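Okay, so here's the structure we're looking at.
Chain IDs A, B, C, D, E, F and G follow the sequence of writing; residue 1 opens each chain.
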Amino acid sequence: MEMQPGQMAYDRASTVFSPDGRLFQVEYALQAIQMGGTAVAVTYTGGIVFVAFRNLPVSSLAESGSIEKSFAIDTGLGCVTAGLIADSRVLVEFLRLEAQRHRITWGESAPFSLLGHSLGGHLQQFTQFGGTRPFAVSLLLGGFTNGVPGLLELDPSGATIGWKAYAIGRNRRAVADFLEEKIAAERTEDSAFRLAVQAVAEGSPTPFPPEALDVAILEPDSELRRLSAPEVARRVSGMPFIGTGERSKTGK
Amino acid sequence: MEMQPGQMAYDRASTVFSPDGRLFQVEYALQAIQMGGTAVAVTYTGGIVFVAFRNLPVSSLAESGSIEKSFAIDTGLGCVTAGLIADSRVLVEFLRLEAQRHRITWGESAPFSLLGHSLGGHLQQFTQFGGTRPFAVSLLLGGFTNGVPGLLELDPSGATIGWKAYAIGRNRRAVADFLEEKIAAERTEDSAFRLAVQAVAEGSPTPFPPEALDVAILEPDSELRRLSAPEVARRVSGMPFIGTGERSKTGK
Amino acid sequence: MEMQPGQMAYDRASTVFSPDGRLFQVEYALQAIQMGGTAVAVTYTGGIVFVAFRNLPVSSLAESGSIEKSFAIDTGLGCVTAGLIADSRVLVEFLRLEAQRHRITWGESAPFSLLGHSLGGHLQQFTQFGGTRPFAVSLLLGGFTNGVPGLLELDPSGATIGWKAYAIGRNRRAVADFLEEKIAAERTEDSAFRLAVQAVAEGSPTPFPPEALDVAILEPDSELRRLSAPEVARRVSGMPFIGTGERSKTGK
Amino acid sequence: MEMQPGQMAYDRASTVFSPDGRLFQVEYALQAIQMGGTAVAVTYTGGIVFVAFRNLPVSSLAESGSIEKSFAIDTGLGCVTAGLIADSRVLVEFLRLEAQRHRITWGESAPFSLLGHSLGGHLQQFTQFGGTRPFAVSLLLGGFTNGVPGLLELDPSGATIGWKAYAIGRNRRAVADFLEEKIAAERTEDSAFRLAVQAVAEGSPTPFPPEALDVAILEPDSELRRLSAPEVARRVSGMPFIGTGERSKTGK
Amino acid sequence: MEMQPGQMAYDRASTVFSPDGRLFQVEYALQAIQMGGTAVAVTYTGGIVFVAFRNLPVSSLAESGSIEKSFAIDTGLGCVTAGLIADSRVLVEFLRLEAQRHRITWGESAPFSLLGHSLGGHLQQFTQFGGTRPFAVSLLLGGFTNGVPGLLELDPSGATIGWKAYAIGRNRRAVADFLEEKIAAERTEDSAFRLAVQAVAEGSPTPFPPEALDVAILEPDSELRRLSAPEVARRVSGMPFIGTGERSKTGK
Amino acid sequence: MEMQPGQMAYDRASTVFSPDGRLFQVEYALQAIQMGGTAVAVTYTGGIVFVAFRNLPVSSLAESGSIEKSFAIDTGLGCVTAGLIADSRVLVEFLRLEAQRHRITWGESAPFSLLGHSLGGHLQQFTQFGGTRPFAVSLLLGGFTNGVPGLLELDPSGATIGWKAYAIGRNRRAVADFLEEKIAAERTEDSAFRLAVQAVAEGSPTPFPPEALDVAILEPDSELRRLSAPEVARRVSGMPFIGTGERSKTGK
Amino acid sequence: MEMQPGQMAYDRASTVFSPDGRLFQVEYALQAIQMGGTAVAVTYTGGIVFVAFRNLPVSSLAESGSIEKSFAIDTGLGCVTAGLIADSRVLVEFLRLEAQRHRITWGESAPFSLLGHSLGGHLQQFTQFGGTRPFAVSLLLGGFTNGVPGLLELDPSGATIGWKAYAIGRNRRAVADFLEEKIAAERTEDSAFRLAVQAVAEGSPTPFPPEALDVAILEPDSELRRLSAPEVARRVSGMPFIGTGERSKTGK
């Protein structure tokens, strides 16, 4: 990130605007998110596919399944994250708690946009009050409105925006352009899965093994289903940029 | 914003006056608001039209309806905002809660000026107490007094001012001049709508598609009605500066 | 305000004296008040006239009545303010609450000097404790002792001083000198009104329209009566410096 | 106040000693007190006279009686202050509350030395704990022990010292020397009054009108009696340095 | 650690991102961990071996058993730590308390991954809130899922990652490479023990005596069993790099 | 106090050690104590004599008795102080409260060493926690164990040390040397009194009047007895360095 | 202590790691401990001897017994300290309270290692949370396990380590080497006593009188027994480096 003269005077607290009205700590948090793996979500008729690239340690000793990028929130509610792992987990806990609170109060799943705005308000606090820093997480929250899938993107500022399909994390803009260019008007689970995998591959400069992918499917009235490693391997076999021979050599 | 010598000594806390009595963090928050889209409200006999420009991401994948600029507060109460999205939502929540509190206590809708002064007091706290920053939001709050529409503008300082029609956000001054010049003494819903749309177009350097407009109508004794995208498209068709072909290329 | 060498070492917190015993943040708050419009209060046999200049936005779209400078506190109690609008409103709320508290406890209107000292103590806290700034407001509080009108001036330091007639805000010293020179020993409501208006005009470098004046009359045992725009226009017609043609061009 | 090299490193917090063991903020508070008017208290057989110079605004519009320098605390208890007006009032409130607390608990007036030490402890807190500043007030507290008058001086450090007669505020040392030189062993109310007025006059470089003097008499078993303006004028007529013609031109 | 220009502007608080999105205090905590001894955990069919190098003081007076690196958490739950001793103990207390809380609430041992994520959330707080520093501890938490052993690594950021076998502390990368290279697909307790000891020896530049090793075995449904010094000595006798003659001369 | 290079980096908070392990604020507090008058305590068979030099203002108007250096704590418990007057009073209040608390709980006078350690713990807090400064007081606390007198010295660090006789305040070392040199093995009240007075005189560069001495006697089972001014004058008459003619000219 | 370039940027808060992972305030606290007297503890069959050098003031007036270095905690529990006296006392109070708490809860003496880890956790807080400093104390805590004596060393970081015999304070390393070299496998109370005294003498550059030694013996099931001055004098007579003639001239 190119620094401007004087920038350093305003960039060390969430509670300070720069003269041109910027909150640098929020921008730096976005920078931290860019350092993590790409994550993509694509809606299709009846569901949502979440695919995320895991920064696998360069070791066969690692349990790849322990690096979670997609999370079940409640029945018909799930999300995929990019950014700091520990920050992500804190936000997922927030979402799960809010979802349970709504369920207990109203006896039904929380609408995903309500949940998203609630999380947005939580994120905003960390951009306005002192003694803390913004969360370094972008998140695509998925859910359904009368069976129609929807996605809400949240970033460190707490802003929300809805998408049919979108990308967060490394190379987010290029991957989103790829999605927009390749996406079909009608999408099945399979075409959405393939599109999402290809998009994540677009964001990666080198081939990677199937276990580098965290894949999950969300359908109405059921929990997020994370695909097992063998299932992912089977479904991606033959797709470009994915292979077992050339493990990416980006260490933890 | 042109910096004066010595300005940097006083511009990093809401709790510090500069030697000439300025609160720079409040001014910088106004600067942040200038970076967002223009929003306009115009009263007419029996109602208020709110029109705001959405900074649409350059992507057909985005759900334009998810970027809300106008918000229902309570029966006969609504607002349009300019500035940081997450900050706006926090203030809208404040207004809704205050409105409910008034309704529960007094059994009637809160007068919009009472609500506005209450919000002004809330905004002021963030310009006087440390460990925080001002809200980067301007807001036009609309309501009715005996059926007569009124607008109250709020800015980051917490100051309030009443208007027949006004503009906030990008190019606010030029758009307000346009409004003053073109406004008719008597206004119907339709003439107010057209005036508001033209004013927003004045604030935009390039043509934009209809879905870039968030349009809402407020009438007494009913909730704010946000116009659907097709309804907006139908009503603006043929107006200058608005078209589907040349999407503005300002990214998110 | 001319800065002295070394001044900047001591001028960024209410909690720090300079070596010569000054509290610069209090002085800077006074500077902020100088930037607002002049306000004048003149007592007369049986009442008090409050006249304040409103910094009207340069727009016919503004509701001039929404810019309040004089405020009713309780029966026979009122004030006029100069300085930051949002700060003023916070102090007026303080006065109203204190007045109600006194009424509920003692079953009578609070003596205006008691109320003023209470507000003075509140203002003082903001000059002694950290994490905040002084209020940028001067205020003339009016009330009656056995039917005799009195005025108490409050400034950001929390100091109080009583007056027969006085001015706050822009050009306060010159306007006060004008008042002292022109004031008659005996004053009727009308002569006090005319003196106050002329004094405010003295503080203004250019002619202004009648709606730029916020005028209010306080009499014992009744609420502060703010004059309607037409009533003001009627009573000031023919007075120098006031006219409809040459609107002052000081924007909001 | 002459600054020493390095002084600025230690002079911006009450909680920091300089290498030679000084608390600069306390010294600067004393400097602030020097800027206010002189105040004098003189005991005599059976009572105490308090005389203070009011920094009258240069205006006949001011109510001189509203600038209070001497304050009743309780029966047979009173004080005179020098320094910041709003700070003084806060301390007077403290004394009044402590006096009432003692009366309610023990059914009698508080001994003035007990009250003084209690105030001293309060003042000390503001020299030891952070986030605040010392009070810029010196105060002479008067009371009686078995009918014998006594005075206790308090300064911003919270230190106390007893006096037969003493001066605080502007030119305190010179005025105290004057008192010591002129004081008679036996003093009546009138001789004490004249001595106190002459001492205050000593502290003033120019003549001043009678209403510039705040005069009060304290006797055992009664409230402090503040002399009315005419009574003061009558009693000082003919004394040097005091006159109506040459109003001192020190503005507010 | 090589410093970059400007790094020092962002590296003194957990609550500040650098412009490229880094949290330097977390990175410096990792640096502190590198200064401590290597610790290794290796799973095998039916259990986990923990081996850690103790930085023994150079003195026969020390009770080597008092330097604990592996800790029992609950039945079938244990961990090994690297980094600051006192920080480690605080985290172990956290884990023990969480485990008891789970046992009391649910009547069973806590799943080790649940416990690990709970600790991860705790660690994260110390990277986001001010007035504190991250914990300088890495930790390998071991437990069982249906009798199958598992390991979760936690670092100062609060991130978690699962392993079959892994190393923390000094020379962690080299030791982990050694593990990956030498590990057999099937492992008995003995082969896992030998692998772990050899791996720790890899991380040490010089020979060390048996008592420098803290060895513990974790099996399902029983407490972590720390091997006695004689038992360790017996089992490592004859292994390279380990001997009694050449005590490492790294003082406390 | 000679400053070392780099000292200023570590000397502005009680919560910071310098690289060589010093707490400069504690040392500066000791410096403040050196600026106050010398105080001496000498035990004798059956009692303790406290003698302190009062920094009398240069004025016959002062009530010398109002400057207290020795204080009764409880039956058979007393102390003498050097340093800031207001700080001393706060500590004396602490001691009195602790003594009452002990008496109420246990029905007997508190052992003086218990009381001293309790005060030491209180003083220590002000050297370890932020937002405050150490107390600038040294104190000699006296009491009896089975009728045998004892003295405990407390300084700003909270350290305690027992003495048969000792000096605090200005020229403490020289005065203590004098005491050690002149003290007799057996001491009566009178010889202890004379020794203490001579020691205080040793610490004073110029003669001083008897009323400059605050003298008190503590005996078991009775309150501290402060000698009246005439009694002091009578007992010191004829002693060197003490006289009425040459009042020391050190102002307040 | 040699400073490295850049060290000063990281050494003024317990809450900040340096780039190489050091906590400088903890290191500076250790430096403060080095400035105090040496203390030694040696276990023997059936007990522990604690010997500490008191920095006696150079005065026969001091009560050497008032400078305590060894402290009874509970039956069979005691400690010796080095470092700041007031800090030590705070920690001893912590240990005594914890011991009582354990006794009340479990009806038995607390195991000394449990107590030590509890103190270690307390010390750790002061190295991680802001607004405070580490304790400048090292401490050897002694107790028994089934009658076998044990020692636990605690330092400002909160780390603990067990010893058969050890030294803290001035010249700690040299004294510990002496201990290791001279210690016999089997030790009686007398041989342990002589070893400990000789070790303390090793840490002292000059001879010192017997009363400079604080000696205490701890045996199971009884309170720590501090030896009286005559008893110490009797037992050390004839030992080198100890004598009455040449009092060490290190002042307080």
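Keep in mind that, in the parts below, a residue touches a chain if its C-beta (ideal position, glycine included) is under 8 Å from a C-beta of that chain, and two chains touch if they have at least 3 such contacts.
Note that the coordinates shown come from a computational prediction; the quantities given were computed from them, not determined experimentally.
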Going by the contact rule set out at the top, which chains touch both chain C and chain G? none
Inter-chain centre distance, chain A versus chain E - centres from mean C-alpha coordinates, in Å: 31
What's the distance between the Cα centroids of chain A and chain C, rounded to whole Å? 55
Whole-Å separation of chain centres (CA-atom averages), chain A against chain D: 68
Two or more partner chains touched - positions in chain A: 13, 130-131
Looking at which chains touch, is this a line, ring, star, complete or other? ring
Ring order, please: chain E first, chain G next, then the rest. E, G, F, D, C, B, A
Of all residues in chain G, those that touch chain F in their complex: 1, 3, 7-8, 11-13, 24-25, 28-35, 57, 59-63, 65-67, 84-87, 89-90, 93, 126, 130-136, 251-252
Which positions of chain E touch chain A when the two form their complex? 6, 9-10, 13-23, 113, 117, 120-121, 123-124, 127-131, 150, 152, 157-166, 173, 176, 179-180, 183
